[in-house]
Amino acid sequence: MAENREWVRELRPGAEIDEVYAVHSKEVRQRRAGGPFLALTLGDRTGSVSALVWENVEAIGSALVVGGLARIRGQVQRYNQRLQVVVRRATTVPAEEVNESEFIRASRQDPEALWRGIEELIAELADPHLRQLLYRVFSDPEVAQRFRIAPAARSLHHAFRSGLLEHTLSMSLAARGLARHYRLDEGLVIAGALLHDLGKIWELESGASIEYTDDGRLLGHLPMEVLYVDRRIAELSEFPAETRRQLLHILLAHHGEYEYGSPRRPKTPEALVVHIADNLDSKIAGMFEAITSDAGDDEPWTGFSRILERHIYRRVAPTSSARPRGE
Amino acid sequence: MAENREWVRELRPGAEIDEVYAVHSKEVRQRRAGGPFLALTLGDRTGSVSALVWENVEAIGSALVVGGLARIRGQVQRYNQRLQVVVRRATTVPAEEVNESEFIRASRQDPEALWRGIEELIAELADPHLRQLLYRVFSDPEVAQRFRIAPAARSLHHAFRSGLLEHTLSMSLAARGLARHYRLDEGLVIAGALLHDLGKIWELESGASIEYTDDGRLLGHLPMEVLYVDRRIAELSEFPAETRRQLLHILLAHHGEYEYGSPRRPKTPEALVVHIADNLDSKIAGMFEAITSDAGDDEPWTGFSRILERHIYRRVAPTSSARPRGE
Amino acid sequence: MAENREWVRELRPGAEIDEVYAVHSKEVRQRRAGGPFLALTLGDRTGSVSALVWENVEAIGSALVVGGLARIRGQVQRYNQRLQVVVRRATTVPAEEVNESEFIRASRQDPEALWRGIEELIAELADPHLRQLLYRVFSDPEVAQRFRIAPAARSLHHAFRSGLLEHTLSMSLAARGLARHYRLDEGLVIAGALLHDLGKIWELESGASIEYTDDGRLLGHLPMEVLYVDRRIAELSEFPAETRRQLLHILLAHHGEYEYGSPRRPKTPEALVVHIADNLDSKIAGMFEAITSDAGDDEPWTGFSRILERHIYRRVAPTSSARPRGE
Amino acid sequence: MAENREWVRELRPGAEIDEVYAVHSKEVRQRRAGGPFLALTLGDRTGSVSALVWENVEAIGSALVVGGLARIRGQVQRYNQRLQVVVRRATTVPAEEVNESEFIRASRQDPEALWRGIEELIAELADPHLRQLLYRVFSDPEVAQRFRIAPAARSLHHAFRSGLLEHTLSMSLAARGLARHYRLDEGLVIAGALLHDLGKIWELESGASIEYTDDGRLLGHLPMEVLYVDRRIAELSEFPAETRRQLLHILLAHHGEYEYGSPRRPKTPEALVVHIADNLDSKIAGMFEAITSDAGDDEPWTGFSRILERHIYRRVAPTSSARPRGE
Amino acid sequence: MAENREWVRELRPGAEIDEVYAVHSKEVRQRRAGGPFLALTLGDRTGSVSALVWENVEAIGSALVVGGLARIRGQVQRYNQRLQVVVRRATTVPAEEVNESEFIRASRQDPEALWRGIEELIAELADPHLRQLLYRVFSDPEVAQRFRIAPAARSLHHAFRSGLLEHTLSMSLAARGLARHYRLDEGLVIAGALLHDLGKIWELESGASIEYTDDGRLLGHLPMEVLYVDRRIAELSEFPAETRRQLLHILLAHHGEYEYGSPRRPKTPEALVVHIADNLDSKIAGMFEAITSDAGDDEPWTGFSRILERHIYRRVAPTSSARPRGE
Amino acid sequence: MAENREWVRELRPGAEIDEVYAVHSKEVRQRRAGGPFLALTLGDRTGSVSALVWENVEAIGSALVVGGLARIRGQVQRYNQRLQVVVRRATTVPAEEVNESEFIRASRQDPEALWRGIEELIAELADPHLRQLLYRVFSDPEVAQRFRIAPAARSLHHAFRSGLLEHTLSMSLAARGLARHYRLDEGLVIAGALLHDLGKIWELESGASIEYTDDGRLLGHLPMEVLYVDRRIAELSEFPAETRRQLLHILLAHHGEYEYGSPRRPKTPEALVVHIADNLDSKIAGMFEAITSDAGDDEPWTGFSRILERHIYRRVAPTSSARPRGE
């Protein structure tokens, strides 16, 4: 991260700021004492913060365009346990003058490096049918474009640009390790892992915030990826029926239990490993996201983690072998 | 039912029988007092019954071919609350000499009449896209052949030849009534109802008994019918995306809740009505099957119904308007 | 609906209003900048809205009587995703000058027409005992008076004046259709359907808002209606024990499962059909209420429906046969 | 217990017996080696046992009348972990010649002493309305006769003659102790405790075995006792509405949670105490029944207790203050 | 309670107050109309209340020290259903000038009297091993000091100073009564009851508010007390293994079911009674806390009780034998 | 496996056998046709089978000693879907004449090799406190002796000699791989993994069959290992409190959820990984045990796996990279 920026995640009460932020929302409201004021949401790639304009409402308001950028001067305050910025001045900033990537919440890892990780896993597949299938899927221009930037979830884990890519690669590597340990069909495990959340590229839509698409709500990512993969398989004349059946089974069973939306439960060791690796990777990521939020705090416990429905313990043991958590 | 046959369902303890039955299984066992005896399962379309051969084991055994038919003479006994036949004589009967339909458990309704019911519902569809789709599906020779005879389940309800056809038509009519009452999109409801269990033609396999196929266990009927219907839709160039989305949603949500294997829950009134009609029709059929089993009994309570997990009350109120239950 | 009224449901941000509303609540609070202001809730039969008085607090306040009516002038604003009215002037309006029915949230259907629907169903009953019982129940002056106006729930569905009547008639007709389809005892089904929620006339109390009565919380509508119906049956000397048993069973089982407060689960086809029709009618009504709220919106998804615990999809398919949803 | 009887509970493999037992069932079956044999169930008030007749089938058979008594000579054997008696001789015994109470499974406590315990609790009630109500209920000849002998359950706990009486008194005393400790309304607690399972006198029917009645299955004991008690209250002109409401609430809530068939959950401390005392008394009785079955065993663990869904530990600590468990 | 104090629990809207309160929190915020204001939390042992300072912010602010005491003059107002105090004047009050016990939320019972109750139960133990063990545990200076003041929970029940002591004594007496009624091993029941929540002295930490310790969150009170008690047992050379096993079992099973955090379920009558008494005492206390909150209200229903997940009925029956509820 | 033995797992109907087996049980029963017969259970390390002796009962019976070995001649038959041996001759075989390991169900892996795997993991621990602790634990003679042979469960997975060792090593290696992938505190993960089921050496007792000990049922393996490990930690004067807290947390949380008997849920990434690796290793082992049972079968589906509550698919994909499943 750029050292010299005042990142939203690092704002502290009392600070005077003079920095460029994205304008996520702007609303004119009526002051109780008469006259209007502005309620804003400002943000950068590390998070978002509320802001208020009490004075010079008209002048400042005209400099703030929702979806645009503005240089903000003002003071950070704490209000009801949350921070807010009281804005005293604002000037429009053209998009060309900034590094756009500083304003979108995104994976800390380079998407191109992650993408190469995916490609290496595909190249490694020994079964020619699976390799060909995966190659076709990830060469599809729509997939290649969307998969690079899609988030993996709306809010619980990897809910940011390229989150799907980060999660898919990490969990595929974990699954490969387990497949080798138990001497399973490594090709099926890797193919299943790489495809297990593919449908999320059509399930979620991320602009200012991440929202479900209509297809996402009515069909869901799991059925959508099964439909897509099966259509790709149909194009491969020699794809073995047995391999198709087991691969589709992995996708249909990857949530593990009916109550989590899987229409099948894992009935092969390969399907079990893909499910477990998916589950673990999501939860570990949720833990790390909780641990690194408000990282300045000395508090040993994180806020309530919604994906794990508990508080996470942040302190490391004295002679710990762990690298700094969540880095 | 032929009046003059001794149907399995109507056997009573003490009766002397002389009738043709199908031989479902035959096993040679060792008598405790020395020497072999035969343990059989005999059946016709109304059910099956155990049978034993204590004497002339070799001669009788050679007349009994599993999968074939035999004229059986012997006596019905009660043993441990269940009936069994003690066989004294048996002679092989060629398949040509009997009406084969008397030996397969099947719907009491005429499959061709049921099939015409389906066709009438399709013809009635006002939306040309849905009508064309349904027409194509039910004209597919594989569907036309399998759908006429497939059972609707392995054991819980409609677990007999043409059970799927009987269930599909009955529940589609119930769903149509509800769609009209609530003034919903009748076409979507009928199309969803007709297709909601289509995948069962590939999920179940019925020979001597009804068993799951490999695809049935690994993929399940719900994903299989979604894959099939989507491929048929892809052949119709003008099929509206909105109609596709809502129709597939009905199929994906027809079990109603995640824990019953639905990857989606109903989010439109049409999907809700198809789910409710399916649920009701299965349970009513389960109740009727319990009520009509051992129908000779005066006992007001049926045996334990597995689909409803309870005993069903069989008695009708004194001035009841109901036609004899389960007829 | 009167075309020329500014109904609460149709208010839009920015609008200047000059209309009569009911005053549901009024509270004097202290302005942060010093001096009092008024926080109000205003309403008509289409809904309710917050309102604030910043100026002329004393004068305006004296014109606003909780439980009374007032002509309001002011402006509609959006605040935190919800609308509020900033009131500039208010004058008391005598109840005689308005059509009172415009100010109470109520069924869109005419209660007398609904009541006649109930009476027709009773007249139709072939079993003289059931007909006589139902006639007595609905002729009881307390029932006749309360049943016409009671809501069917506190908040989830049909939570408005005559909601119980609307729900009872709609679900009885749905149940009758299903009883005919499955050739059940139509009389028991209709009698059970008409009585299934009778206890709600004592469970809920609706003044300014709908609240549970003490009996409602301690006894519940299901036991109260069973106690009431059984007392009415006791007055009919020839009422058959078998019919009483099956009718009370329908009432005791109409929530379907123990966890929904049914002390019995349906053990007859008639009890099952009443339960299913009740369940479906409540959920469909919940869907329609969600779909028609904020009906001006183009948004394809409704807000979160509490009774269904999900968002509902509002868009109709292109060549839909449905009448406008929820009309 | 009579010391000189060979009680069923005390039979041991290998023993030669010569004792009178009740004949619960008799069935003629065909020997595999040809010829008939008899399968019997014999019993006394301590339990029941299977028995077989291999020789003199006709002569012995004619001496055995189901529902009657017979002197049995033969030998006890173990077969498949269970005991069975091989009968060599049997002679009919007239009912007048035996003490009938030795042949019915019954409480070990004297029903008249238990009944006096109930009467003392009623006499102790300080509230005249509750005292009068309880007095009327327990003076009702039908209640007085049935309540003395009814079992408390079909199989889980107190499933024997006068089991309801034993359970009601024991749990009422436990509830009274808790009511005093927490200084609750002792009258309501005792009245609720005495009436909480009253409906079981109509729910269960005990002849040779304990079975549900039709009303028991369709209505259940909880609604039946509420209907009965409310009718008795209606006869008392001055019974306070508030006392009725709270008393009926205790009955409606005594299973504690919806999923156990309570249409209400406890909302007063008195209802909570009645529920907890009922729950505890049933479970303690279930533990004691498990502990004292096969009491000759040294095995520290009982068989699987169905009411507690676990094995119970039978051993007492070395310097235990407990009286012998379950005595 | 001192009659002449204006307890927080007794404040009513509109009242003018002049009283000493503890200052729990103080925050400077910015007025929308410009300039700062103070947001406070004030409290005494009966509860806490929000307060605001609009005028003389600097002067008043300097008199208010978090963790200290202040005499407050101002007015009580209702805001959004909750009370708040608008402070006009404040002066610091030295701790020596007040009775400190008036400012800490605490049991209404004398801790020393409660402690003597515990000691009497220990002295009463007939088994010398258990008596010696309990004596050692409660003589441990750390236990003796912490157990006197620890709360029994963070928020649900007995969440106040000496709450653990109050709960432990009350539930031990209830458990003793039940042990005697069922003639169980009274010593094991009392020892188990006295130790069942011992670990809470290390699980919770109560300063300004009650919070979990790190050990409390990572280990929990149940494992901590098992570890502690087992170490004390290890110091007693002759402690019987059988008594240890059954005592530790009671502790491990006292939450009754796995899903409530018990690694074992009760398998002895003694463990069952300790579990039930714990469960009952917590719920009754939760009911009484709900009933006595806002005790001035005439409202028959309490607010939503979180421990019972319902509203509690507060009204007593007309000729109730109960002492005023919750006194 | 010895090629030349007739292993129980490989018996087929119709085979004539002449082989040495262990005698697990022997019972004398009465033939229906008169005279006694013997019912036996025979076994070797691959499983167990029923057997019957109809002739020469006395002579054969005297050669069969429960707990001893015998050479058996006879024929294998199928009876009710299960195999049974009809024994014609039997002679006692002294234990010295056979390789005892052929008669005890045991891990297919060499226990000493597994033990060295454990030692290598300990030696690898970088944290000196953890290394010292683990060294002490596994050097404790009781642990060293019991851990080598203990089973990991009574029936679900690894239910055989050295099953605990096999499971502990396999899951520790899987956990180490995941710890490295996520860069967690590897020492804590490995220490937690090695100790997570230690208590099973006191929970289960394996002689002829695997049974729970009294401590196992009353205390459980999880609390027992926590008590043991904490006592070992207490002997290490410098063991950091923070490391103790996190290590005990891993043990207390390793079942993952309360309902599986964990008194804590994982609140650190290390505890989560130990739980997930334990869960996966048990399930994969359960799948492999199902897949390799009746391995001669061509049937693609295994019998019902109790640990997974489903049937497992056994077929491998055509160009599978997997080594033969379960080898």
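Lettered A, B, C, D, E and F in written order, each chain numbered from 1.
Here, a contact is a pair of C-beta atoms (placed from the backbone, for glycine too) under 8 Å apart; a residue touches a chain by one contact, two chains touch by 3 or more.
Fair warning: this is a prediction, and the values are worked out from it, not measured in the lab.
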Steps needed, at minimum, to go from chain A to chain E via contacts: 1
Separation of chain D from chain A in steps, with touching chains one step apart: 2
Which of D-E and D-F has more C-beta contact pairs: D-E
Counterpart interface for A-E, drawn from E-F, D-E or B-D and sharing over half of its contact pairs: B-D
Most distant chain from chain F by Cα centroid: C
Distance from the mean Cα position of chain B to that of chain A, given in whole angstrom: 47
Mean-CA-position distance for chain C and chain B (Å): 42
Where chain A and chain C are represented by their mean Cα positions, the distance between them in whole Å: 42
Residue list for chain A, restricted to those that touch at least two other chains: 32-33, 214, 217-218, 246, 249, 267, 311, 313, 315
Contact graph of the chains (line, ring, star, complete, other): other
Those chain pairs that satisfy the touch definition: A-B, A-C, A-E, A-F, B-C, B-D, B-F, C-D, C-E, D-E, D-F, E-F
Residues on chain B engaged by chain F in the complex (per definition of touch): 27, 29-30, 32-34, 214, 217-218
Interfacial residue positions of chain C with respect to chain A in the complex: 31-33, 37, 54, 77-79, 86, 300-301, 311, 313, 315
Residue numbers on chain B that touch chain C, as the complex places them: 126-129, 170, 173-174, 177-178, 181-188, 240, 242-243, 246, 249, 265, 267-269, 272-273, 276, 279-280, 283-284, 287-288, 310-313, 315-323, 325, 327
Chain B-facing residues of chain A, complex: 214-215, 217-220, 222-223, 226-227, 230-231, 234, 245-246, 248-249, 252, 258-264, 267
